[in-house]
Amino acid sequence: MGLRTKASSTFALLSLFPLLLLTSCGDAGGSSVPVQARRFDAAFFDEIPLPHIAYAEPPADPTGPARVISLIPSMTETIFALGLGEQLVGRSHWCDWPPEVRKLPDLGRRNAISKERIVDLRPDLVILFKSQGELARSLRRDFGLRILQPGTIGMEEALAGMVQVAAALGCPERGRKLENHIRRHLDETRRTCASLPRPRVLMVLDRSSWWVPGRTSFVHTLIEIAGGINVAAALDTDRPFPSTTLEQVMSWDPEVIIDLSVGSRREASLADARRFWRGLSGIRAVKDGRVHLLSAGVLTRPGPRMGAVAARLAEVIHDRP
Amino acid sequence: MTAPERERAAVSGGISPLRLLAVLGLALAAAAAALIFCVLFGPTSVDIQRVLTFDPTTPDYQKVFHHRLPRALAAMLVGGSLAVAGTGFQALIRNPLASPYILGVSAGGSLGAVLALAAGASLVTAPAFAGALLAVLTVYAVARTGGRVPSTTLLLAGVVVNAFFTAGIMLVNLMAAPDDQVRIVRWLVGGLRDDYRMSALLPAAGLALAVPLALFLLSRELNLISLGDVAAERAGVNVKRTRTWIFLLSSLATAVAVSIAGPIGFVGLIVPHVLRLLVGPDHRLLLPATLLGGGAFLAVIDSVGQSAFDQPLPAGVVTAFLGGPLFLVLLKRRDQARAGLHG
Amino acid sequence: MAEGIRARNVHHAYAGGRTALAGIDLDLSEDSFAAIIGPNGSGKSTLLRVLAGLLQPDEGSVEAAGLDLRRVRHKERARRIAWLPQSENEEIPFTALELVLMGRFPYQGFLPFDRERDLEVARRCLREMEAEALAGRRLAEMSGGERQRVHLARALAQEPRLLLLDEPAAALDLHFQVEVYRLLRRLNREQGRMVVMVSHDLNLPAAHADTVVLLDRGRVAALGAPDEVLRKEILEPVYRTRLIEARIPGTGRRFILPES
């Protein structure tokens, strides 16, 4: 065999590779199934208002903390929901609700908080995540500040945290009232959904890592309250947001998919997401057109708006095209 | 091939097309075995009988042909590119630590990807590729002295560019929205994704074959350059031009790999060393072997990472864990061999 | 175009400003066996590299083996001129045959495969160097003498008309030193190749070469037959030390030694 023939046969062998790729990733079923039901645009969950509660008792007791900094978005919301928004003097970058909170000084992002600026604001109380242990220790030990690290994982812990914050601000009664309000709203939703069929729901927080709500997360509770069955609860783990694989998703074959991976530049992400799910036409949710692309934001915030969130979530879950 | 086998082979003749095909055949067999492994094993169970009925509506068929097989092929593409790039760089720089990572190409690709992710995009193959090319051109511009790219200067330029781009990545990560940060961190770990578009994969596959082929045609030059620039020059190699070509081709292969699967480390470093032990230092055998061997390696690693642990681990994490100890073992063997020679 | 060596007005200075060659004019016929001698720093190795076409001088022209070294293409040059440095990297993982085959590079085409002719030539060169038994062994596992022979075989595989060697016998023990010179003489007399070597030693090369070139601070201080150049009065001013001339009893051949 001449050299040339040998070379070209090797070349031919190697060029099978892209052909293999092409045929195996067959864009299966160029179906015209709408991946997203028309009713919910990606911003369905934005701009949900805080619960409006008429508090009978007078506001904070004068010996309670007058200047509060909150670095937890859900607790920032809680403080406003308690009617104590004026006591807030500083926030984290991601505390963005209600809109008026954006006027407050931004003290930084999760792992890059400006300690000095916190101290500069002379707060009486600093609320931060349990996971911000180092910062908390430093504020307490080096600057003698009073700190509070409420729990935020799981529904019960989140609600308890809100009560804790209320107590710390000197209004334990308001805290309990807020909690009851939220629980009532949640129960209402639960009751409404009781008579409806319970679809198997997959919520994806991030598609590149396949983050899903585990059974210990409050999101799981929200889904159950909204009348869905959280398929990811089957994962044998205590982590609130474990990651899984696409294969597992295909095995679960959910009836409803809620994809929260929409990024900050919505249009491009939506197109990518639609294209992605359309390629998985074997999944029931895709076949039935019950894939919803929404933006995360408030859905993953265990704050005072959970009641309203659950109600809207129920709308999405039970929606049929 | 053990030492006596090589001796026999060497005495009987040089590298003929037949011998190449023999090595190629073995390597293809390894690659095929890896593919079969990846098809059979995964995080969930698949009924092979059902798959073999070739009924495209069954989830088993879909899992294998719409998910496992394309993912394994993408992994082979990436692993092969990285391994070939590593082989090229190691011959060029004549330093066992040379790898696609160290020359800053990966960092460039990551910066491009991360910028796109922070801007809210979710598919970042093109920005990553652009970033990688930018890094390559920067390293080339910095390292070029008198029309040549000397080894030490290349290494230094690579380290500097790496540091610079990495700083940029950290900055972008810090400023990004939490949602985007999640994606950014996931990208930086390095690994295969589930949301590739064919329009991105096909040109990548083309490049992943064209570049190694081009390097293969330069095998003799690579052999000579691995002996030294002077040794190559006097044998008739246009060292200036050849070095530039080797650098650009290897960087291109790296750019392809990084744009698809992020910065996966150690494949480009370890695979060439291991295969050199198996097939010898001749690049005419080494290049095809690393292309297929690197591909098989990464495909298996990715599959194992997805299935063997309770949390699916991206390939970049697994290679990082394996890479360190594996490299130490390799170094020990080299030192032992060397001590045996001169001891 | 000169078939031997014709160098005109060759100047070269290194990056630091140190002048290595300060105006070399050299003519050597194509059947010469020449030895270039001179003290350290006289420019011997630099001149050799210039003659090999591996170093472009700042000024001047060089023609060698029928090529204009300023304009020749890489492979063309390697087909006619082979150059061996003083020392080579020891850590070569290739076998002797693989290495010698690499010497065939200038003759090989687009596809990187070895052809029958290449294997023939490679084996023949190994045989000439009495290194055929080493064919399958890796260079890193050989002794200095064995390695040197393999490197020589590689140079021969280029089938060069001109062989340039920088201290080819430097690291070898006496037996191999003699072997190497005998071999070079055979290449020159029987195969008609031109041999130019650089040497520190004054005597052994003189015994074999037919032309001696004496360099002094980058210039040619003397050129001629060994008997003409290897004289006290010519060498002492260059080497700046007192020398003794003596004759070997029997052959009557001249040799030079430093005095003290």
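Read from first to last, the chains carry the letters A, B and C; within each, the first residue is number 1.
Assume a contact is a pair of C-beta atoms (placed from the backbone, for glycine too) under 8 Å apart; a residue touches a chain by one contact, two chains touch by 3 or more.
Quick caveat, the model's predicted, so the values are computed rather than measured.
> Farthest chain from chain A, going by the mean of C-alpha atoms per chain?
Greatest centre separation from chain A goes to chain C.
> Taking all protein C-alpha atoms shown, work out their mean, then name the chain whose own C-alpha mean is nearest to it.
Here the chain at the core of the arrangement is B.
> Looking across all chain pairs, point out the one with the most C-beta pairs in contact.
Counting C-beta pairs in contact for each chain pair, the top pair is A-B.
> On a C-alpha centroid basis, what's the spacing between chain A and chain B, in Å?
Chain A and chain B have C-alpha centres separated by 36 Å.
> Measuring from the mean C-alpha position of chain B to the mean C-alpha position of chain C, what distance in angstrom results?
The separation of the two C-alpha centroids amounts to 42 Å.
> Hey, how far is the Cα centre of chain A from the one of chain C, in Å?
Computed from C-alpha means, the inter-chain centre distance equals 77 Å.
> Can you list the chain B residues in contact with two or more other chains?
17, 20
> At least two other chains touched by the same residue of chain C: list those residues.
111, 113
> Any chance you could list the residues of chain A touching two or more other chains?
Within chain A, the residues that touch at least two other chains are 3, 7.
> Help me check something: in the complex, which residues belonging to chain C touch chain B?
Answer in residue numbers: 52, 54, 74-75, 77-79, 82-83, 85, 88-89, 91-98, 101-103, 105-106, 108, 110-114, 118-119, 122, 135-138, 140-141, 158.
> Where on chain B is chain A touching in the complex?
Against chain A, chain B makes touches at 17-18, 20-21, 24, 28, 42-44, 56-57, 59, 62-63, 65-70, 73-74, 76-77, 117, 119-123, 174-175, 177-180, 182-183, 186-187, 193-198, 201-202, 205-206, 208-209, 213, 306, 310-312.
> In the complex, go through chain A and note every residue touching chain B.
On the chain A side, the touching residues are 1, 3, 6-7, 10-11, 13-15, 17-18, 20-22, 24-28, 94, 109-112, 205-211, 236-237, 242-248, 250-251, 253, 261, 263-266, 268-269, 272-273, 275-276, 279-280, 282, 296.
> So in the complex, the part of chain B that touches chain C is made up of which residues?
3, 6-11, 13-17, 20, 216-220, 223-224, 227-228, 230-231, 233-238, 276, 280-282, 284, 338, 341
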